[in-house]
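Note that subunit A is present in both complexes that follow, paired respectively with subunit B and with subunit C.
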Partner chain A sequence: MTRDAMKTNADCVIIGGGVVGAAVAYYLAKGGMTNCVLLESEYLSSGATGRCGGGIRQQWSTEPNAQLAMDSVRIFKTLEEELDADIEFLQGGYLVLAYTDEDVEQFHKNFKLQRRLGLDVEILQPAEIATRVVRQLNTDGVRMATYCPSDASANPFLTTKAYAEAASRLGVEIRLFTPVTRILRDGNRIVGVETERGVINTPRVVNAAGSHSVLLAQTVDVQIPITPYRREILVTEPLERFLDPMIISFSFGIYFRQVKHGSVIGGFAYPDEEPGFNEESSVDFLTMMSRKLSFLMPALKHVKVVRQWAGLYDVTPDAQPIIGETDGIDGLFQASGFSGHGFMIAPRVSSLLAQLILGQKPDLDIGRLNVRRFSEGAIDLDHSVV
Partner chain B sequence: MKDDVIICRCEDITYGEIVEAIDSGLTTLDELKRVLRTGMGPCQGRTCSRLISRIIVERVGGEVADMKTLLDRPPTMPVEIGILAGEGNEE
Partner chain C sequence: MRLTRHPILEFDRGREIEFEFEFDGRRLLGFEGESIAAALHANDIRVFRESVRRKRPRGFFCAIGRCSSCLMTVDGIPNIMTCVTPLREGMRVETQRGKGTIPLADLSSAGSPPPEPRRDSDDGATIPLAIVGMGPAGLSAAAYAGRMGVETVVIDENLVPGGQLIKQTHMFFGSREHYAQIRGVDIGDRLIANLESLPVKLMLGTTVLGLYPDRTLSLLAGTRHMQLKADAVILATGASENMLAFENCDLPGVYGAGAVQTLMNVHGVVPGKRVLMVGAGNIGLIVAYQLLQAGVDVAAVIDAAPEIGGYHVHAAKIRRAGVPILISHTILRVTGPDRVESAEICRVDDHWQPVPGSERKLPVDAVCLAVGLTPNCELAFQMGCRQTYMSELGGPVAVHGPDLETSIPGVFIAGDASGVEEASTAMIEGRLAGLAAAEWLGAESDTDELARLRDEAADSLKTLRAGPFGAKAREGKEKMLSSMNEDKAGTQ
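Now for the complex of A and B:
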């Protein structure tokens, strides 16, 4: 967004122009730290953010994840006003389908937990799905469902852009097409960032580069346990509005929704996907996803697929993000490993991380998300990852 | 060119909208696509990309030949879900 010379000194450099990097930049500036630079190797949301489905789900199986998502929805609800931009936020709900005994057992546990936290989630019998939520769904094999009307969706490109522009208005320098070659440390503290366009001296770095965070951390001899996995997705031609909720199933393996523009967008996690940075589209995905959609919503058989693409999940051993300071290196903050659900918790997580960077006590303790948990043993796996 | 001339025919995006977006800092085909939807329609930018490249050059300089093109994403032409699912074209 700026064409003049890049800053050479900053209070904080954020690496990664996805939703998390842009949001952290905004919350830092809002909290008073305006002398920041956001570095992005390509353009805003060119990585995982811009390739995601845009769902915002509060129905999680662990309390901390549910809490972060619920807090994020509260922020999302007024975000368009706060950032002065349209982000296509819609509370169309999430319908989660159970097909197996394990699903049914887990869903009842989730329901109890989520209700205790105050979430407006309810249990639906298969017959109620057509009358209450979506008429066109084939419920063959569905044992039960949970439905949360306040679950939501938004446009990931517009959300990232809105955060970045708001940050820019507060004084943050946004540098696109500026790849970082390495982070610079002097002993146990951060001293700068080296880019292809020069060095920025800074005592603080936020590593928010998705799967590439691993490689950046390695430049200062830090190992973070993130594995990239390709995830594929497709989009159809636009249709008249007929579907408000996101429909998902962990056991059937699918998520899909209708975006504001009218297209149906959806994907699933290919179970045998090999880890790696592969972002190619595959024919297998296209045909398998088409079979899933044809089965679940036969009316879609005559709807055309316009495009498919792929992106990377940055997966951690417990499918929860890595947020916070790095032991042994003052000034290095991690914000990655979102494992496929970064967009939906970005507002809350980013504002909490900004508080930590600003030297404040975060409103909600995020110590459990620190990378040190992996060297301490016991981790708490969330079962609600699609 | 008049502001109301349609440049992206799939998504009805006008010259005026494109110029406004470029002037706001979106100076690549990829960025314009993600914000304006130019190239997200059924033709995937085969009709409008060259025109938009020329408008970018007109506003910010550079050469059309040096501009990074949009990735061609499969399927090349829109295809019905039922056909992709291998269910043929039965009515």
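Now for the complex of A and C:
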């Protein structure tokens, strides 16, 4: 957003202009570290963030994930005021549909855990769905559902822009179309980054480049276990509001919601998707997604799809993000591996990471998210990933 | 108003039927199969919907399913493009206010759940060559690829082949070899006749929604979605009309020239009683003449340029009929409560700025915009073909060489889609693309014959573009070629 020469010295360089990079930049500056530069190889939200569904769900199967999401919702609630921008935040709820025995068993476990944490989640019988939450939903085969009215959604473009502009107002330099070619280290510490527009000297780097963070880590001989997977998504023509909650099912394989503008946006994951950086759209997805939508909501048969696209999930072995400083390299902070749910936890995770970088003790211990967990063995897989 | 007598055309209308307009059950008459928009227009209904945010009245603009100005609620389903949806007996047509409401559906109509999705599933049929568009370019491409023995499918969203030609009632200009002196409406028939006994299949009423990197085309025929995989693809998708921004330019009664032609020459419905034509290029002049033929008064033809862009024979015909052609003039605004009632025009100076005090109000009920076209390259861009902006060719185009191949091997682009010109050049480009696709596919045909036909076509193209009217396209294509060669040199 600045036209004059790029800074050559900074206290921290953030790589990646997705929601995570922008939020980290903001929380760092808010905490007093304003001499920062955010580098983005294309434009803000050009990666997974701008391609995502914008859903904010607190219904998770592990306590840490549920906690992070609940904390994020708390932040989201006042974020528009804090950042002085509209981000289309809406608490329309999430309706999660169970189709199988495993679903039913898992949902009851989740329900107990989530209630213990104080979440306003409830169990619904299929017949209650129409009267309580959404008419026009075909509940054929649905065994039960959980519904959490305080689950939410927001516009990922507006959220990222709001964070970036607030960071910029506090003094952070934001450089778009500036790819980082290499992270620079001297022995066991970070000394800078090399970009296509010159070098910036800095003792701290935040690697928030989504799926591409693997490649950046490799430039300083660090391996992080992230595998990119294509995920496709589509959007329909806008309609008057008829649907408040996000509707999802892990076993049926779908998520969809109506965005503020009125379009329905949604997708599903192919179980046999090959890993890789492929971001092409496919006609099979268009066909299959249309069939899934028209099965669950027959009225949508008559609604036109206006666009489809794809983005990458940066998937870790336990579907949890990699957050924190890298052992053996002072000043290299990782913030990636969000495994398809990085938007919803970005506010909380980014502010915790900023505390760590600022040398403060984080409000919530995030040691368990450090990349070292993978060399230590024990990992805890969350079952609630779409 | 419907045309009953026309000096050139005869209208082969369907059965007269009743349909319902608005909730109060007002019954109107129309003809089965004509577009809903044309039927409403014939009943003097101009306002089809309200714009979403500012609640402004909207009618139709392009008449070919490109602009979304004509969306209405039909039989309870919102956002129906009435300009391309055929009228059926008993249809219920409503003005759409807001974004449209999700229709009520029978939940038991869902059927059985879809199967588990798989990436490695079978994609269905593959054919050697798919051609999108049945205008002069697409039909010529099919004829020449077919002649080389290539099995070909040609797809067009319209119900009749011919592209723009089906609306063109005038004698074509150009040389005899290129169908001069024949009316556009008749050229289409000849092009179709050329395809007889060739391995070419026509799919009408089918829109190509998407072209994917694996060469799959996604097709929509009515409400049926299909897919088709092709080894080679020729895009002959034509061009779309440009809009012009002025005060109230969205008021019903402001139409594209193509829309006026469609309404008048295909449906036999006139756009109004008195029309202002904006644009004095060939299209503006020809459509103005067609309006006169249909008994519509033309208040004036105006153009912001200091000279007439079209051929002087056309200009002379219009002047003889008493229509003033005002150069260095522009349109400032149109006025009217919910449809055009008058238009204000003024003179412009050497810097294209309005001259104060020169404003003039013309009582007209329609304004026709003939202000240029932009190539339809969306499918090429979606697939990932390299694009460049070339104002001489009408805007953003897919970069292509003299054989019409884009940056993706086996994907060709021809006719107005490769740069806006005219039907005669579109036909030759179609030929070249058809031959190049045949060669690319390794067609088992006489290679000498292929080379001969190609050289012949390349020569004709050169001749056609030699004159002053071909200069723009010639320059545009040359500029594109040199930028392409530079790119190649740069990557070596």
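Everything that follows uses one rule, which is that the second predicted complex is superposed on the first by the 386 of 386 C-alpha atoms of A that agree within 3 Å, B and C clash if a C-alpha of one lies under 4 Å from a C-alpha of the other, contacts with A are read in each partner's own complex, and residues count from 1 in each chain.
Heads up, the rule we're going with is that contacts are C-beta pairs under 8 Å (C-beta built on N, C-alpha and C of every residue); 3 or more make two chains touch, one makes a residue touch a chain.
Just so we're clear, the structure is a prediction, and the values are computed from it rather than from any experiment.
Once the two complexes are overlaid on the shared chain, A:D272 sits against subunit C while remaining clear of subunit B. In the superposition on chain A, contact of A:Q136 is made with subunit C only, not with subunit B.
Of the two partner chains, subunit C is the only one touched by A:L239; subunit B is not.
In the overlay built on the shared chain, the residue A:T219 is in contact with neither subunit B nor subunit C.
Looking at the superposed arrangement, the partner reaching more residues of subunit A, out of subunit B and subunit C, is C.
Contacts of A:S281 after superposition: both subunit B and subunit C are touched. In the superposed pair of complexes, A:Q67 makes contact with neither subunit B nor subunit C. When the two structures are aligned on the shared chain, A:T34 is found in touch with neither subunit B nor subunit C.
Within the superposed three-chain model, A:G253 lies in touch with subunit C and out of touch with subunit B [touch as defined at top]. When the two complexes are overlaid on their common chain A, residue A:L44 makes contact with subunit B while staying clear of subunit C. The intersection of subunit A residues touching subunit B with those touching subunit C, taken from the two complexes, comprises 237, 281, 283, 286-287, 290-291, 294, 300-304.
The part of subunit B that touches subunit A in the complex is made up of residues 25, 28, 30-31, 34-35, 37, 40-42, 44, 71, 73-75, 78-82, 84-87. Those residues of subunit A whose C-beta lies close enough to touch subunit B in the complex are 1, 42-46, 50, 157-158, 161, 235-237, 261, 281, 283, 286-287, 290-291, 293-294, 300-309.
Partner subunit A is touched in their complex by these residues of subunit C: 52, 77-79, 98-107, 109-111, 113-114, 116-121, 123, 210, 212-214, 216, 218, 225, 227. Remark: subunit A residues 136-138, 140-141, 237-240, 242, 252-253, 262, 268, 270-274, 280-288, 290-292, 294-304 touch subunit C in the complex.
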